[in-house]
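I've put the structures underneath this note.
Look for chain A in each of the two complexes below; its partner is chain B in the first and chain C in the second.
Showing the complex of A and B:
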């Protein structure tokens, strides 16, 4: 009960943040009605999916300060579970999703348990290695589609049980609900014991240990929650696109994208991942489409990398860090 | 039964014996000083007791329980708090939040943690710095924050590592007064390392002296001040001869 109250209460935030959050909610609610463009709606849904990934990664990468570059494999495991369960046994979305999320979480637990013996760069490198192993496995594993990926069979009529709709509006609102749930969870988390302990660990492990914090266990717990977020995102991804392959949901590039997006927005802050997604996803998609149309590909990535460098040099805590800096000196 | 019992503790680093068969006891409710020149092994001894290092030999018993080789967070939960010589933490958390992290060692809900943190900050006169970042504060205040963080975990034994390092004489005096205050208020046992004699001499009931990894003396402050081996360790052979000549030892 207390936890629920904490999750729903934004009273400790400054008025400007609450107003910003309200505008975000209203914007997401009216967006599908305000625009008719299907490309814009698709970008919006991608934005929401990336919000979900980012909010999850922010836990371990932002608050916990552990550069874990393996979100994609958890996204992929859950997406594949949902897709394959449907292809093989015709299992509905609502039954396969819990299984997918559990698989993603258990993988996070096992991996975290062993990898968190490593610190700093070594941990980051280890997560990259594990991601590459999974990626290769999924590309070459013929039983689950290999590099061709998996196509989800379409039902004849729109179907809530299998989450198949003709209009993107349904997907939009479902993704929005997931993001809202994630935000409320983070709102509880930042005020919780786990939240404080995780931030203490990123501040200094030696000091955190002297304050009775079992740093290994706290990191593993946080990593599992990150896995849950990725798993939810992956399950949704599978039914939204109806097609998945190892390059879209299992790839290291996705993991890096999630981490960079959160860092640009502001790792370790409540709104950082959303700000990061808000800037990068539309820029990535529109710029990519626009530059692709006039025959220049790859420039969008250069602009994107350049932006990362500027922000990292100017304020390591990202855009949110810049906002906070401005706020602290009136 | 002694609160802390260290028996035959030995710690080797490659080629260096940092702690060489050290044994001592600390009774409940005492203030014990641990002194010695730089490199005598004071911090190593601290780290072996708290669990940052695993001793190669010997045992550490706390409150009747064998805690040898336990991790720092475990010894902290048993009731040993410690402060750091240099507390290198980032400014990610405010002073209040840092102290709350300490409180979370004993309570799990945020409201009680905040309440506990607030009480301790009041005791250490830190209320006005509650929202500051540690990195923005002068060193004397940082030391008090470190003390508040350790105290928030409700230790029975508080181990202070060079609590006066980097402080000027006036700040040192204030720190000593503060320590005596919390010692009385919190029913603590204190174990204080210093290489500055002025801090430990007036407050300690007993002093342990380390030199070159070995315990060279243990006793009342006034006896320690006149102990030949201690003077030799601190001031050198020549000074010992000098004082012998004048008949003061």
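Showing the complex of A and C:
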């Protein structure tokens, strides 16, 4: 009960943040009605998916300070579970999603249990290695489609059970619900025991340990929650696009993108991942579409790499850090 | 048996190159405890420098070694003074993602300039020739690469252990403050570590151009091998990097022969994973 109250109460935030949050909600609610362009709607849904990933990554990477660069494998596992269950046994979305999320979480648990014996750079590199192993396995594993990927069979009529709709509006609102749930969870999380423990670990492991926090266990728990977020995002991704391949859901580039996005927005702050996604995703899609049309590729990645370098060098708390600094001054 | 023999020899030869790639990473990590994610991109820059000089001036590819070394030396020093110096003040997350940003920046810059195509050298002293030695076929390019790699490795090893400059570098690695009190310009030493890291990997890149494709994303593969190598050898250990490089070469070639070529890099990651779980300090780490 207390947890629910904590999740729903934003009273401890300054008024400006509450107003910003309200504007965000209203914007997301009216967006599908205010725009007719299908590209804009697709970008919006992408934005919501990345919000979900970013909010999850923020837990381990931002609050916990552990640079885990392997979100994509959790996204991929869940997406593949949903897709393959449907292809092989015609299992509806609502039944396969819990399985997918559980698989992603269990993988996170096992991996976290071993990998959190490592610290800092070692941990980061190890997570990259593991994601590359998964990536190669998925590319070469013929049983699950290999490099060709998996196509979800289409039903004849729009179908709630399989989450197949003709209009993107339904997907938009479903993604929005997921993001809202994630935000409420994070709102609870930052006031929870686990949240304080994780932040203590991030600022000093030695102090946290001397206070009696079981560092290893807290990190593993946070990593599992991150896996749940990624798993939800992956399951949604599979039904939204109706097609997945190892390059879209399993790729290291996705993990990198999630981390960079959160870092730019502000790792370790409540709104950082959303701000990051708000800047990067539209920029990525529109710039990518525009530059792709005139035949230049990769400039978009250069721009955010540049942003990340600047932010890492001068303001490691990201755009949110800049906002907070400006707010404190007057 | 013949297969095993030729895989072993080719693995050892490649291992010497991997050791040279890992050397720069080990130096940088040893001196300032920062992992250079952009290391593979330095290799790629070295490869393009060698490739473009060799084809542009139509000279012998081996003569491009100094060009690549100098370009990557400047790249390393530049990265230190423009970026890494500032990263060192921040938390670890910023350090990690900062060099990560550098990696992506250089990679996509190369992609924008050179395009995603694979390029290879066709003319050269070592290219396309091989000797038969019993059942084993040895290509000149791999043999020459291995010899030059070991020489370069030896020079750096000598420099670090026997010269005043190397001693200063080692002192900075052990304790920055104490080294500063002894009158060592530690800031310069850190810059030098990046320069040396760049130069060694530049040489490796120029050598690699003799028998490998040049393309913008080539760095990822080799940087992962290099990470695995330094992890196995012990981060910051130069002797460890050499022995681990040989082991990595053997794993790739023997593993690739018996398990299947598409999984040979997965084997590297798996090795790395096992090492880091069971012996996080590596073979020679401290």
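Going forward, the second predicted complex is superposed on the first by the 330 of 330 C-alpha atoms of A that agree within 3 Å, B and C clash if a C-alpha of one lies under 4 Å from a C-alpha of the other, contacts with A are read in each partner's own complex, and residues count from 1 in each chain.
Here is the rule we go by: a contact is a pair of C-beta atoms (placed from the backbone, for glycine too) under 8 Å apart; a residue touches a chain by one contact, two chains touch by 3 or more.
Model, not experiment: these values are computed from the prediction.
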Which of chain B and chain C A:326 touches, first, second, both or neither: neither
First, second, both or neither for A:294, with chain B first and chain C second: neither
First, second, both or neither for A:209, with chain B first and chain C second: first
Chain B versus chain C as contact partner of A:15, first or second or both or neither: neither
First, second, both or neither for A:1, with chain B first and chain C second: neither
Touching partner for A:191 - first (chain B), second (chain C), both, neither: first
Contacts of A:34 with chain B and chain C, given as first, second, both or neither: neither
Comparison of chain B and chain C by chain A residues contacted: C
Touching partner for A:314 - first (chain B), second (chain C), both, neither: second
Touching residues (chain side chain C, partner chain A) in the complex: 29, 33-35, 83, 86-87, 90-98, 100-105, 107-109, 111-112, 116, 224, 227-228, 231, 235, 262-263, 265-266, 269-270, 272-273, 276-277, 280
Chain C partner contacts - residues on chain A that touch it in the complex: 61, 65, 67, 114-115, 117-118, 120-122, 124-126, 128-130, 132-133, 136-137, 140, 256, 259-260, 263, 267, 296-299, 301-302, 304-309, 311-314, 316
For the chain B and chain A complex, residues of the former touching the latter: 50, 52, 71-73, 76-77, 81-82, 84, 87-90, 92-93, 97-98, 100-102, 104-106, 108-110, 113, 149-150, 152-153
In the complex with chain B, residue positions of chain A that touch it: 2, 6, 191-193, 196-197, 199-200, 202-204, 206-215, 268
